[in-house]
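Okay, handing you the structure first.
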Amino acid sequence: MSEPHRKHVIRALDENMRFDGRANDDYREIKIETDISGTAEGSAKVTIGDTVVIAGVKLSLEKPYPDTANKGNFMMNAELLPLSSNSFETGPPSIGAIELARVVDRSIRESGSINMEDLCVEPGEKVWMIICDVCSINNAGNIFDAASIAAVAALKHARFPTLDGDVIDYKKRTDKKLPMKDTPLAITVWKIGDKIIVDPLLAEQEVFDARLTVASRGDGSVCALQKGGTYPLTEEDVGIMVDIALKKAKQVRKQIEAAVKG
Amino acid sequence: MSEIFVENRQVVVPGEVLADGMDYLPGQGAYRSGDSIIANKIGLVSIDGRAIKLISLAGRYLPKEGDIIIAKVKDVGMGSWRMDVNSAYTAMLPVKDATSDFVPKGDDISELMKVGESVLCKITNVTTQKLIDLNMRGPGLHKLPEGQIINVNCNKVPRIIGKQGSMVMMIKEKTGCNVLVGQNGLIWLAGSPQGEVIAVNTIKMIERYAHVSGLTDIIKLHLEKVCEGLNLPAAEELNTNSLRLSSGRGGGSSSGPRRFGGRDNYNQGGQRPRRYNGPPRGARQ
Amino acid sequence: MSKYTKRFDGRKMDELRPIEAKVGVIAEADGSAYFKIGKTSAYAAVYGPRELHPKFMQNPKCGLLRCNYNMMPFSGMGNRVRPGPNRRAKEISLVTASALKPVVDLSNYPNAVVDVYIELPQTDAGSRCAGICAASLALADAGITMKDMVAAAAVGMVGDQVVVDLDYHEEQPGDGLEAVDIPIAVIPSTGEITLLQMDGIISKEDLMKAVAAGKKACLVVNEIQKKALQKKYADLTKEATQIVGKPTAKASKKKTEVEGEANE
C-alpha cells in the first residue's frame, strides 16, 4: 500500500476521527439475527457496519477418536467466499480462511464452553460431531470479529435433531440446546503506527502493522491468543490490546445473549 | 398507433417495454424488437423528441478518450508504468507522457513514482481492444498527494460534479476539503479529518440518491445542517507545480525522448521499443 | 398410476411457493440480489466486467460470462455438504451460465469477464432455478447490458398431475407416487427457453403441458424480479426525502441509536 495512503490513515487515527467518523475504539453497528437457515441445526447472520457473515451449525453422529472415547467432537471451518469481495477467489481455503477458522476454533475449544462429554451417545461407538461453517457474505473489513460472533450465536441457537436409534431425523428438531454454558468471544485489536483500533475498515486493514486476536470467556479470563501481521508488538501493547478486547467482548457478549434468548 | 409507456426520469429495468410503434426511436440503453422499444439495462428514461434513451444507473467504467481520471500505479516497468484505472482494462503511462524531464533509458523510474501512488491524468487513446494510453503532462494533471481515494459508481460522477461543478464546489466550500473527481469513479479528497468524514458521507449520499429529483436542494440542506457550528479549516491550496513528476534532473527537449514503435507494444513489463540507432557501425552503406 | 389430487403443502397445482426478492444486498459487489422461494434461498453477486485471468480464457471479440454455483455446507436437507469442487455444482454452474448468456451483451468488453457467484444458505428443491433468478437480478443491478432478464422455475409431475415449483417432498413423494422434475428458464419478453433439464419418465404430451405451465410460472417470477429492482430505487427515493427531516447529526462521535451499540 502506498505511503501517502498510510500516512493519511494514521493522521485520522491521531485525531481519533476515522474515515467514517468513528473514534479509534468504536465499533460500527453490530446486528445479530438467528435462524437464517432452516437446514442448519443452528444458524446466525451477523452484520458489523456493512460487513456481513453467516454461520451454520451441522450435527452428525460419528465414531469418537480413540483417545477420547467418551467425548464428542467440534470443528470450525471458514469460507471467504468470492461472492463477498473482489479479492477473494474460488478454490481451496486461502491461508487467511484457514487462520480465521483455526483461531475461532481455538477460541471456542480452549474456553471449555462446550461440554464434550455431554456429546457422547455411546462411549467408544457414537458421539456427536459439531461442525460450524462460517461464510462471508460481504467484506467491508473485520470479518474476524464477525465470524467469531456468528459462530457463537449459531452454536447457541443450535438444537439437536431427533435421534431414532441410529438414524438422525434432521427434519424433526428437539428443544435440546448444545451443552454450551459460556459465551467465548474472539475480539481482534489492530495496531497501525502507534495507534490501536478495533473494527477496522478495509482502508485501515490494508495498512495495519500488527494485530492481536484475544479470545475470552464470560468471566473475563483469556482463553486464546493469536498475533498477526509482520510487525512486532511491545509488552505494553499486548497489555493495552488485551484490556480493550476484554472490554469489547463484554459488551458484545450481552448482545449475543439477547439475540439467542428463547 | 405509437404509444409511449414511460415518463422522463422514470426508473426502468432490462426487458421493460418503453414504447410501441415506429414513431419512436431507440437511443442509448434501448433497442427495437418488432414494433416495441425495450430497455436493455437498468436506467433513467430520458426522452429527447422522438428518441428514447436511458441514463445508466449502474455499470463499471468503460475508458473513453479525453476523460480525466484518477489512476493508480500497479506495476513499474522499463520506461513506463502500468496503471489501474478502475476498469476491466489496465493502462500504460510511458515516462515521456508523465514528465518533461529527460529520463535516460534504463533508469529506475520508481524513483519518480512507485507502486501504489496515484495520479490525476488524461486518457489520450483507447484502442478497439481497450488498450489505454495515459498522459499526465497536460495542465492540471499531476501526482496526488496524501489524501483519501474513494470509489463511487462512475455513472454518478456527473451528479457529484453537478451543473458546471456546482455540487462538488458546494462540498468543497462547506467541508474545507480539496476534492478531485475522476470520470472513472475514483475521487481523491483531503482536508481536516472531520471535514473529510462529512465530504465522504455527502458524496456517498449523492451516489445513493443520484436518481432522485431535487437532490441538489436535499444535499444543500444536509450540508448546512451537518456543518452547522463546526469550524472546518479549509485545506491548503494544491501546489500542482510541486506535484509534477520531476527527477530533479531538469528539463530535456520539450517533446521528451523520441519514441519508436506503435501501439502494439503492450507486453507485461511495459517495455519501450528498442531505439534504432542507425545501421551497425562499420556496416557498408 | 397413483393420483395426486392435493399438494402436500396445500398449494394449487400451478401455484409457486412464496417468493422474496431483494436487490443490492452485497455492497462490495457491482450488483447483487437475494432470492428466496419457499425454503430455498440464494444470494447472487456480480463482479465485473473486470480483468480476466487466466489469459488463455480471454475472448478478444467479447467479454466472458462466468458463473459459479455453490451450496453452503449447512444448506443441504440432511448431512453437511462438504465444501469444495463437486460435479453437481460444476454442472449447475455451466447450465446457469448457458441460461443467462442469451440475454447478456458483453460485446463492449473484449477480453474481460463478468463473474456471477451464487451461494445458497438453505435449499428445499428448486435451487438452480432460485440461483438463476438471483443471478439475473444481480446482473441487472450491476448495470450489465441485457435485452431482458431470465426467470426460472421448476415444474414437473407428481403422479399424473402437472405441478409448478416442486418442493423437496414432492421430488421424493413416496406413497407409490412418481415424480418428474423439470427446471426451466425463460426469457420473458420472447418466451424463449434458456434452461431445460429433466429427471424422471414422462410422455411427450405431459412434457409439453409441463413446459407450458413452466413458461407461465416464469412470467409470474419475472414480475416479482422487476418489482424488486424498482423497489430498490423507490426505497432510496423515499429515504432521500426523509433526510432533511432528521435531527442534526454531527460528524464527530456518530451515535447510533439502535440497540447493539458496542461502545460505552
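When the chains are written out, they are named A, B and C in that same order, and each has its own residue count from 1.
The rule is short, and it goes like this: contacts are C-beta pairs under 8 Å (C-beta built on N, C-alpha and C of every residue); 3 or more make two chains touch, one makes a residue touch a chain.
None of the values given here were measured: they were computed from a predicted structure.
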* Structure fact -> A student comparing A-C to A-B should find more C-beta pairs in contact for A-C
* To do: Please list the single chain whose C-alpha centre lies closest to the global protein C-alpha centre.
  => C
* Structure fact -> Averaging C-alpha coordinates per chain, one finds the centres of subunit B and subunit C separated by a number of Å equal to 34
* Structure fact -> Per the C-alpha means, the centres of subunit A and subunit C lie apart by a whole-Å value of 29
* **Centre distance in Å when subunit A and subunit B are each reduced to the mean of their C-alpha atoms** => 39
* Structure fact -> In subunit A, the residues touching two or more other chains are 17, 20-21
* Going by the touch rule set out above, which residues of subunit B reach two or more other chains? -> 194, 197, 201
* Out of subunit C, which residues touch more than one other chain, so two or more? -> 50, 251-252
* subunit C-facing residues of subunit B, complex -> 11, 13-17, 31, 33, 38, 40-42, 56-60, 62, 87-90, 128-130, 155, 194, 197-198, 201, 205, 208-209, 211-212, 215, 218, 221-222, 225-226, 228-230
* Structure fact -> Per the touch rule above, subunit B residues touching subunit A in the complex are 114-118, 144-149, 190, 193-194, 196-197, 200-201
* To do: Would you mind writing out the residues of subunit A in touch with subunit C in their complex?
  => 17, 20-23, 25-27, 29-32, 36-41, 43, 50, 52, 54, 56-58, 60, 77, 79, 81-86, 90, 92, 131, 133, 135, 137-140, 168, 170-171, 248, 251-252, 255, 258
* **subunit B contact footprint on subunit A (complex, rising order)** => 1-5, 7-8, 11-12, 15, 17-21, 203
* In their complex, what parts of subunit C are in touch with subunit A? -> 25-29, 39, 41, 43-45, 47, 50, 68, 70, 72-80, 83-84, 115, 117-119, 121-124, 251-254, 256, 258-264
